[in-house]
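Structure below; questions to follow.
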């Protein structure tokens, strides 16, 4: 067992980013290696990970800013680990997918690696100070990915993305301050330690409900914007449409998950102690996000925008499952995070491939592409099927668990979702598929050809993963199940866990 | 002996006159004079106060400020002269290339 | 009273002598610019060493209790010295020929003036130091004698003189009320007999300092001057003399005028809110980078001014254990935050202005466009990678993105605001720092996302050294804030009755 | 020992799917033989299992999957007969396809998809829990999507595929809702599950039905019925079935005869106890089935596309099956036997008919019956096999269809005597029409003069072989198997811990006060027999129902009458009337029928494209104008304000000084006021 494995996990991509920045055209090799090592590490961790224990694992903790009670504390449990796995996997695949990047490749890959650093940091840090730093750092590489590799309206999109999410995280920061200043350690000192503070929120004498409500709302906003949930989703389509393919993939597959992670790690432990009205509010937001997102996707002309809105819709399931707060729904929601993270990759990659093979993403202009690129067509169809929740792929398992679980506590909302979203979801997927891929091949596309092997490879890998986790969800749901039970229980601090 | 209030009144009047001049005048030199008015009104205050105090700090302070005012005038006029060389005028209303 | 008794003041002494020396030598030997540069740099380094040698000294009084050397003064002296040093280093590749001696001498005098202000506890010395710094900077602002320089200097001068006149008048009233020029006596007196005159005095004093701090509405000079003055001088003004205003305000308002707590609490609440909002709003539409930076530093002043409000709000609050280092109060946290932000901002702004200096110095003289126009920054990442990268980090730091000095400062400051219940102010501040992203990101996207607007820029050694040093400092503070926070805490403690 | 390899029944086709998908391109005929072999192996295994467990054993294997769900294999009589039927018929269809698809560039893809289709159907059949069933159910849907859209270059094909997927998806939504409801209801019982038991397993469901609240049961039943309606193309979700003809004929044969559409009926049969226990559950089933049977038959009358005629007949026949299950309210589990028997028989003769049609189309290269005629002269084998199929479909005595359909009508009558006669009436009418349109088709294809010149040759033996075999079954199966089949299937639910009398009480089939709501307009006279029927409810049909003779022979009359009518209209040798005399082209009813009751216009044109897409567009506008709009509006506001703010900086130093002084004044005023008000 490697010591300080998490720090390594974060440090290696960072190092890789620096190196690949100076590696010029060799950057992609550096990047690949620098992303493969974390993948290997995380798989190693998967082997060592104790699926049944509810305590934090691989914990490292050092004093950082003692005067503020800030520590460098990282560690993972069932909530964080699947996402760490996801991040390492996706990063590798994204780097493979963008193997052919020729515009400033050194910066491109460096930024991708920086992104990995940021998300890994968010998913592993157990100290609010650290958490917030990583949370913010993620913005920067994404800003540049959108801004300098993006489409025509890239400036607008990049700035909108940056400011919109930054405001949200600032609100979150205020809430963190409130937590920080309200709770005193037994020895009178203050701490930013996440678990300690969360455990404290259960104490009515320290956090009267009226106050906790405000704090809760602040944190919630921060996460819902990242998710993104209606009505805070409008930064997403712009960002996606303008971002380069790899950017969109990372954005949808990893950055959105930060919001969901926040829900599980921070919101759910507080949920039992805040005003019950919040449950209704969040549930409504979730339902609207799901249904509204699906209908929005149906209305889109640009295939990438369609996929973007499908993300809104799918992330809604995470919110729903989380707020329903039953064991199955929470597990399902966690799994939905994971599975959407995988599946959305292939969707955005397909959109990107269409973009640079055919030259347009407007669905109406496409047609009969399957005729010229059958392999790609098969993969894309598989991806779309996975995304519309076809059994056998991971998406179905997740959504089924969420819906089945949520019904116990939120029957009405669940049924609304079932009846309004499922068919719509299928509709826009199939519609796009039919328009783009099937029918007679258009004259102007007679000479299009299969995309590069590396693109097909990374997409195929994702399909395989989706199948594996669809047929054998236990691989990861076991971990999540433990995490879910743990979310239901009052939070244990690291000291109570006996980890430090 | 003259009551303190009168001194303060005088000083305040001077100060106000100086301000008025600052609002209304365009000519750089006149502005300099207004500024001198402001400073000296303060000096009157200081001297007057110290006359009613056991210590002489006020008068010391006044001396310092007079000296500084002199230096300030020096710098100011240097700037105005340079301005005049470049612009050919010391009408400060015309010197507003930098705004908004 | 032997010589070594004055050891804590050797720094000022050294610089004064050096300044005089520089003038003399400069007049004696021809084109000695380089030498002067090295001399003053060396002198500043030495002075820095001397100050650093007793960084957290217990308050000790000199010259009939008019000068106090304490943690606060040392903190600010370090800030001033560092800023001047950076400016000097940068200047060494610009001011080499004739007149360099005057430039450096003025710069040194200005530094001395600020240092005096930072440690004076008597309104006379304070005023003298204040004027010394102002006068030298008036001259510096006009130094290159271009049209813009002179306009800038003129505005700076007139506004500044008026402001100092206000201040002097205020001082005179204070003296009249207290019968003494010592801040402590004034404090005692104002607590004892409290009249409307004191309020007038307070406001006049605020005007004097507000001018230096560039708080709205006393900020009007700043944009024009920062834009017009030689870039490096702008650096000094924004990073140095602005902070002098703060230290003076801290000492006079927090200590001497403690009796009028409620009044200045009100006043600064309004001023801070106005300043940050207007600063950020006005910056959104500027095309001149230095003007943008000017407005941004106005906004920053607004943030810093929150400290006064915090102190006012949390005044006399029972000592509660905020941080893990003995009983410390919210107001102390606030001031510490302000100090951290002052330190951080001094560095970031110096860096940023040095960057603009580098860019504008490379814009061909005959080009029609304003050398600081943002269009000259297009594609800077390609034309001057190091500068661009440093500027990038400074912009993010100014915007308060972690992990940078700017972030730490804001973090502590805003948290203190929350802690002392000023949620509205904290929210406003946070919305503002979000708004500020509009123009910071604009500069960034010009530098990194636009196509190169011109040939590669030659990055002179002096500039680059200064930039990189600043960059390191900014990031270092951001990543290892512990030492700085403790230091700021101790400095802040000086201002508060224990 | 066969039982241990039961999983291979699904595994082998999946293997075939993979092989065809990846290496099929290099194999002769796209590796069709792999698919055939895989399915055939399935048939062998099923037979082996049959030999092992017949007559009184069942196989149940299960292993945990994820969370608290499992995967498992449950082979009881119901599943077994389905397995046998599917493997058998599909094998034949695949063999036939080897000839039919020969030379098609996409043959490999076809056989891959066909193999997956088979696998999903088989998996669906022997699933031991509802979730697994649903999963394969969805996969069946996917495969139908792929196969219907097989010729994806044809826009109509692509559209039809999408329509099929979406329409069935609507049903699936209801199905899913039903599952969710059922799961949560069971979960709320806090059952003490033995190891190896899972909530959604059929045995567990059966065992705990009685504890679930009746109204919940009804909801669940309706949900499941919705799923069945979608898959089995019952009204109103039948719209996709006729379009599904876009695929190759073999696909139509598979979808309509053996696999997909029967899934719905199978689901209802599988969950029969639940429907039985749910008040109004079976009533709904009966209503849907009976109505669809007649409704579809009417459309079958007017269509000119040979495959569409068959499609509508399928819908109609499925209606029969549904109705057969629905009337189980009166006869209990006996109905399952009857209805499944019809399902099996139907799969034989409908597969036969489709393959014949395919053979005809293969030669004639058109689907339009108006361009055929006299084909019989050139395709003797096809003609006679198809005749057998048609007779069987029409329910001509002693043909398979006769036994099965006849029985359904009879128990429908029984249902009538006890509860309500409507289903009976509908079914009888449907039977008449069935006979008519079937022979309208047969005559107008094989007899008369050639109405266009077409390829005049018989199909190859690889295609005819299956026809002959199927013909044999269509001819003889019913006569041979009926009695044993009924008793065997009737024993199906005896393997589980069930008490139909108790369930009947919950469902209100046993006592008047419960029946009253269930049976609208129940004849008073029927009350007497009622208890009796309810009593024999469980073991309904062992000694055969004792209806009066005219009821017994009515179906025969109906069938023969229909065939004669068709003759008089369409067989040139004995032609008496011309269809146009009966109904002119102007005739609104005819038009209505031709238009298929404007189903397409309503479903696709109005609902999908107007309502749904309209909503989407409205959402889009809202998103742009409101949700995103306020943001842009805000930023515009702020920046606009900023524009004005910066104007304060006039550049004239005197104004600056003024501003300074004003600032002081304002501060003075504010602070003094504040002090007056006592704010500070």
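Letters A, B, C and D name the chains as they come in the text, with residue numbers starting at 1 for each one.
What we mean here is this: contacts are C-beta pairs under 8 Å (C-beta built on N, C-alpha and C of every residue); 3 or more make two chains touch, one makes a residue touch a chain.
Nothing here was measured: the structure is a model prediction, and the numbers come from that model.
Q: If I average the C-alpha coordinates per chain and also across every protein chain shown, which chain's average lies closest to the global one?
A: A
Q: Give the label of the chain whose average Cα location is farthest from that of subunit A.
A: In terms of C-alpha centroids, the chain at the greatest distance from subunit A is B.
Q: Given the two chain pairs A-D and A-C, which is bridged by the higher number of C-beta pairs in contact?
A: Between the two chain pairs, A-D has more contacting C-beta pairs.
Q: Taking each chain's centre as the mean position of its Cα atoms, how many Å separate subunit A from subunit D?
A: 38
Q: Quick one: report the Å distance separating subunit A from subunit C, using the average Cα coordinate of each chain.
A: Result: the chain centres lie 42 Å from each other.
Q: For subunit A versus subunit B, what separation do you get between their C-alpha means, in angstrom?
A: 65
Q: So how far apart, in whole Å, are subunit B and subunit D when each is placed at the average of its C-alpha atoms?
A: Centre separation, subunit B to subunit D: 98 Å.
Q: Please list all residues of subunit C that touch 2 or more other chains.
A: Answer for subunit C, listing residues that touch two or more other chains: 154, 158, 162, 166, 223-224, 285, 438.
Q: Listing for subunit B: what residues touch at least two other chains?
A: 22, 31, 92, 95-100
Q: Applying that definition of touch, give me each pair of chains that meets it.
A: Listed by label, chains in contact pair as A-C, A-D, B-C, B-D, C-D.
Q: Using the touch rule from the top, collect the residues of subunit C that touch subunit A in their complex.
A: Within the complex, subunit C touches subunit A at residues 321-325, 396, 401-403, 412, 414-415, 418-419, 423, 426-427, 430-431, 433-434, 437-438, 441, 445, 448-449, 481-482, 485-486, 489.
Q: Which part of subunit A faces subunit C closely enough to touch in the complex?
A: Of all residues in subunit A, those touching subunit C are 64-69, 132-133, 136-137, 139-140, 143-144, 147-148, 154-155, 158-159, 162-163, 166-167, 170-171, 173-174, 177-178, 180-181, 184, 188-190.
Q: Contact residues on subunit B for subunit C in the complex?
A: 8, 11, 15, 18, 22, 28, 31, 35, 38-39, 41-43, 45-46, 48-50, 52-55, 57-58, 60-61, 64-65, 68, 71-72, 75-76, 78-80, 82-83, 86-87, 92, 95-100
Q: Contact residues on subunit B for subunit D in the complex?
A: Interface residues on subunit B, with respect to subunit D: 19, 22-26, 31, 92-93, 95-100.
Q: Mind listing the subunit A positions that touch subunit D in their complex?
A: Within the complex, subunit A contacts subunit D at residues 164, 230-231, 233-234, 292, 295-296, 298-300, 328, 331, 368, 370-371, 385, 390-392, 396-397, 400-401, 403-404, 407-408, 411, 414-415, 418-419, 422-424, 426-427, 430-431, 434, 437-441, 472-474, 477, 481.
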